[in-house]
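Below, chain A partners chain B and then partners chain C, in two separate complexes.
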Partner chain A sequence: MSPTPPDGAPLPPAIEVAALRRTYDVKPRPVVALDGVDLEVAPGEFFGLLGPNGAGKTTLIKILTTLLLPSAGTARIFGFDVATDTRRIRRIMNMVAGGEQSGYGILTVREQLWMFSQFYGLGTREGWRRVDALVEAVGLGEQRLQRVSTLSTGQRQKMNMARGLLNDPWILFLDEPTLGLDVSAARSIREQVLAWKAEIPGRTVLLTTHYMAEADELCERIAIVDRGRILAIGTPAELKRRVQRDSIFRLAVDRLDGGPAALARLPGVVSAALASDHAPDAQHVAVNLVLREDAALGGVVTALARMGSQIRSLGKSEPTLEDVFVALVGRGLADEADDTAPLPPSEADDDLAAAHAPSHDAEAGR
Partner chain B sequence: MAVTAGGIGDSRRVEGLGLADTARHAWAALLLGWRVESNWADPVLFAIYTVIRPVSSMLLLTMMVAIVGGSADASSRTFVILGSALWAMLVSGLAGPAWSVLEDRERYRTLKYLYTSGATLLVLLVGRGGSRLLIGAMGSLVAILVAVALLGLRIDPAAVDWPLLLAAMLLGLPPVLALGIGLAAVCLQTRQESWNYPDAFSGAMFLVSGVVFPLAVLPRPLEALGLLNPVTWWVAGVRRAIIPGGPSSIGGAGSLWTAVTGTDAPGPAVILGALFLTGAVTTLVATALFRGSERRARDQGLLDRTTGS
Partner chain C sequence: MSAPHSREPAAGGTPRAMTPAERRRAPDPRAAADWTARQTAETNLRALVGRAYPRVRGMFREPSWLFFEIFLPFLGTSAYVLVYRALRAPEAYVGFVVLGGALSAFWLNVVWSMAGQLYWEKSQGNLELYFAAPMSLMSVLLGMAAGGLAMSSTRAVAVLAISALVYAVPFHVAQWWLVAAVFALTLTALYGLGMMLASLFLLWGREAWHLTNVMVEPVYFVSGLNFPVGRLGAVGIAAIATIPFAVGLDAMRQLAFPGSGLLTGTPTPEAEALILVAMTVLFSVAAHWSMGVIERMARSRGSLSIRWQ
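Coming up: the complex of A and B.
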């Protein structure tokens, strides 16, 4: 069921982005974090931005949540311009970021959430009522009178999630919400988001993640982002069909001199990338191989023997979002550390901007 | 209407902020500041920052005056005691908004959530600064009580000019907070080293506010700067109200004030008028500075920048 505003008029897109560009003026040269992004998300959609660290996902979320101004282009949230209609946008959206320890440690969970309820404009009593309901909903009932500083990482993120729902947003921005959480806590966060969204038609979620399985599980549509550009948009099934015509194998070898790049150069190999679940300290090297046809496998096996690698396991697999990502980007998420290709001057990302920004690590004091 | 009322697309949800919303935001920020800054959970910390520090400063300055001044009379001592006691409040008001920016951004990592909450950042910082001002006022009060008990400070409640004291406080505290907002505007642009800015700025203000010595002892340009400083008039007003007829930091032999006006010291009406004028200008300039800084911070992506604290 699609949402309809009280006056019956059709709703504008939840997110409408056109030719969005963001440059950071850092030395030695400006860094382009977003390079002409076009995107439209309908009300009620669960939309995912999938990409490696530094792809530009967080920059896009910062612009959409009015934390950052775009350098060029336009972005609208339910028809409101992020550059000029900030007050309206802030009343209908909220955001939750992962991988951070935010909060006033001296306050209790209840106090902290109530303070925010006041900043979101709820009345005193309504604030308490809503805080108590959300604390229970996210499973922090037992910790509600506990100081924020005593919460575990997972509990803090649950509290953060409750804060993100306090103002009952029309659109919720989730920036890597399960980053750094254990399996159980991450599942709990995902379930909360899904349950919240299902309650009322029209609630929209924009999720950024570099966890392929999370994007696959949650998102109705996904945009694959790399180096400030959207490379592909579609449902998970549509995206997977893009590589359906190729043969996909999962290969494990005892060692791989030259890394996956050594395989990617072989005839008939579309791409080769370390599997995202590959552990650096594992006793074998796990590689996802995309071949033009099954026959190319013979050449790969021969090459491996020549390189002195022993095959531990080899199996054909159904395409995953990871395969789509590798096919589009030319490398896997786990390959980032090995990615030695220099970035063109016009392509850059958040990490680059951060790396170029001066750092001051002196201990704060007063 | 309640912020959560109305379905998706209900235009009532995006109506502008009313006065009640702004008041709620300021009040919540004040409460938040009180809970966070007052360190109630750690009485030792609270005592150090709120009581021991201002009392120690006051005792130190009074001893210095006694030693250096030798025969300094009781009125000179009273002048220093009141000035240094008020200083605790002033420093808190100046530092409050700036430290709120730094703490919320670097330590608590909440500034981005506050900024996107719908509340106006300026209002939130005024609320947070207000809580520090209250805490500073407690320190000032304790320092004055200590001075009465230990240093022989005599305050006759019947002689206090209460209307002047009230007016000086009402007119003086907004520009003190405004100076703090101006400092917050600077800290919004800078990084961790700006933890020291409030203390550095307070030190500079100490020189040109007539807190422990009359402005007349300063070089003329600094004396003129002191006369344009609302803090000077605030301190002078409070002093005049508590100890009517006591020495003034503004006029006197050889002072710029006396040279220009031909009067020995400004009267209560002049003090309040000057406080109002300099305070209004300071508040307008600080607000404009903060708006510009906020805009630049959003443009440069500084609102959620952390530098590793």
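Coming up: the complex of A and C.
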């Protein structure tokens, strides 16, 4: 449900993207981060972008948040062009990214949020009131007078979430908001977002994530993105129906020489990919198998025996977004990325930054 | 979550400027995005205060800076005072050193906390949030300057007061109003330069740190931190024409120690005040222009989000 303006005219889409393309001029050759993306998100929708690292999710979100210009094509937020109407867009949006370290460690949680509230023009007292309400809402009441530099990762992300809601945005961009959080903290963030969105009709959320379960739980519609292109858009149920005709099995073996690719080549196997929740240091290898029919399973078992792999468990499962992803992309999120296309700088260099970031104290950044 | 906000339009049919609270409760996103010039100005002013806040708060939260920012500079100044007295130099030289030591607080603040600040903000991830907020980036720069001024002024006043008392500096100020004007103009020119440098440092990235080093000791030398800049001849004149610290310091010395006969070869304080006015305008316009260029370049090249380059 979306709000209706006083003049009765229908609201334009919350997000409207047409033939969007973004390239980065880097050596040795330009990188195409977005390659002709078309997308429309209705006001009030919770929309997800699902894709592996380097798929173009962050580039798209940076264009929509006016931090990056498109190389070609158009993008609009509630009818405002991201290239020319930046001021208007910035007044009605906010964004929160996973692993965000923004602000100043010397300030308390309450002070830091108040500082950000001033950037959105909230009155002095109104800012403090808003901060106090949000601090309680995100469950940081006990930490409100604690210095930001002493917060845990989960607490910090809750504070970032509160920052993202300070201006009561009409559209909220969430870029991997639960990245690196434990199960409990991630659940808390998801609950906060859902509760906030439910308060007012028309609040729109764009979420990028590579956590399939998170996208499934939160999003009304999802776009699966890979290498700068949208491969499919639909509700989670619609997307799952795409692979409903196949048989899906979850297989755990003690070892798997040649990786899932060895199974993907077998007759009757549509795809085989490491399960996204597979831990690299686990004592077994978990693989999601999509078969044309159950009968193909015999060939898989025989092949595993030939490879010397011992089956720990095998079960048939309902299709998940992960199966959809594997069927569309040809590999799982947990698989090694096929690096024929390098990461766009906005993502690749952030990794570089993490490795080479200079150490500095709070004083320097104050 | 917080109590639900009503998105009902404000009562009354006459369009008027919305308060920030009403703006957040605007009935639809397109209405919420339309701000009046007054709302924009208010937001920029609040953003200025918001950005100054951490610096001012930090002053009180970590008092250790009092030692580093007052006691250590006092020792540095004292060294020169003792040397001049050992050499039986004219007593006015002691005053020159004390004034230089006090004013250097502002120059150091401009070089270290202004010029490099946006670069630090970028590495911390703040810069993206600043760009994504509906305020002018100039508000951030002015907020940084205002916060920096608070700390630097404390240091400058403390060093000046302590040194003047300990070494009995013979100030003979006749034109207080001109001293105040020159001081204020020195600060506006200095921080205008700092705002311009902040943009340029952002553009140059790591290379800018070499510039920071160049801007401390060499600038101290050509600006005559501890001696009359006129002694440097053409170099001193060039410094007065280009470096606000040099021109401001010379003007203050002329006004604080009139008739000493040691401050020759430089323009009058009134002329130097005009130079400072020109510098203030030039640096402020350049800062505003370069900030716009930086934003366009960053959005075009995608370098805004690269935290280390």
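As a convention for this text, the second predicted complex is superposed on the first by the 334 of 366 C-alpha atoms of A that agree within 3 Å, B and C clash if a C-alpha of one lies under 4 Å from a C-alpha of the other, contacts with A are read in each partner's own complex, and residues count from 1 in each chain.
By definition in this document, a residue touches a chain if its C-beta (ideal position, glycine included) is under 8 Å from a C-beta of that chain, and two chains touch if they have at least 3 such contacts.
Given the structure is predicted, the values throughout are model-derived calculations rather than measurements.
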Superposition on chain A - do chain B and chain C clash or fit: clash
Superposition-derived comparison: chain B or chain C, residues of chain A touched: C
Partner chain in contact with A:Ala133 - chain B first, chain C second, else both or neither: second
Which superposed partner A:Ser317 touches (first chain B, second chain C, both, neither): neither
Contacts of A:Trp196 with chain B and chain C, given as first, second, both or neither: second
First, second, both or neither for A:Ser152, with chain B first and chain C second: neither
Residues of chain A that lie at the interface with chain B and also at the interface with chain C: 3-6, 11, 24-25, 43, 62, 65-69, 78, 80, 87-88, 90-95, 97, 100-104, 106-107, 111, 115-116, 118-123, 126, 130, 163, 167-168, 170, 200, 202, 353, 357-358, 360, 362-366
For the chain A and chain B complex, residues of the former touching the latter: 3-7, 11, 24-25, 43, 62, 65-69, 78, 80, 87-88, 90-95, 97, 100-107, 111, 115-116, 118-123, 126, 130, 163, 167-168, 170, 200-203, 353, 357-366
Chain B residues touching chain A - in the complex, by the definition given at the top: 2-4, 6-11, 13-14, 16-17, 21, 24-25, 27-29, 31-32, 35-36, 39, 41, 99, 102, 106-110, 112-119, 124, 191-193, 195-196, 198-199, 298-301, 303-305, 307-309
Chain A to chain C touching residues, read off their complex: 3-6, 11-12, 14, 22, 24-25, 43, 59, 62, 65-69, 78-80, 87-95, 97, 100-104, 106-107, 111, 114-124, 126, 130, 133-134, 136-137, 163, 167-168, 170-171, 192, 195-196, 199-200, 202, 344-346, 349-350, 352-353, 356-358, 360, 362-366
Complex interface listing, chain C residues touching chain A: 1-5, 7, 9, 19-21, 23-25, 27-35, 39-40, 42-43, 46-47, 49-51, 53-55, 57-58, 61-62, 65, 113, 120-121, 123-126, 128-135, 298-309
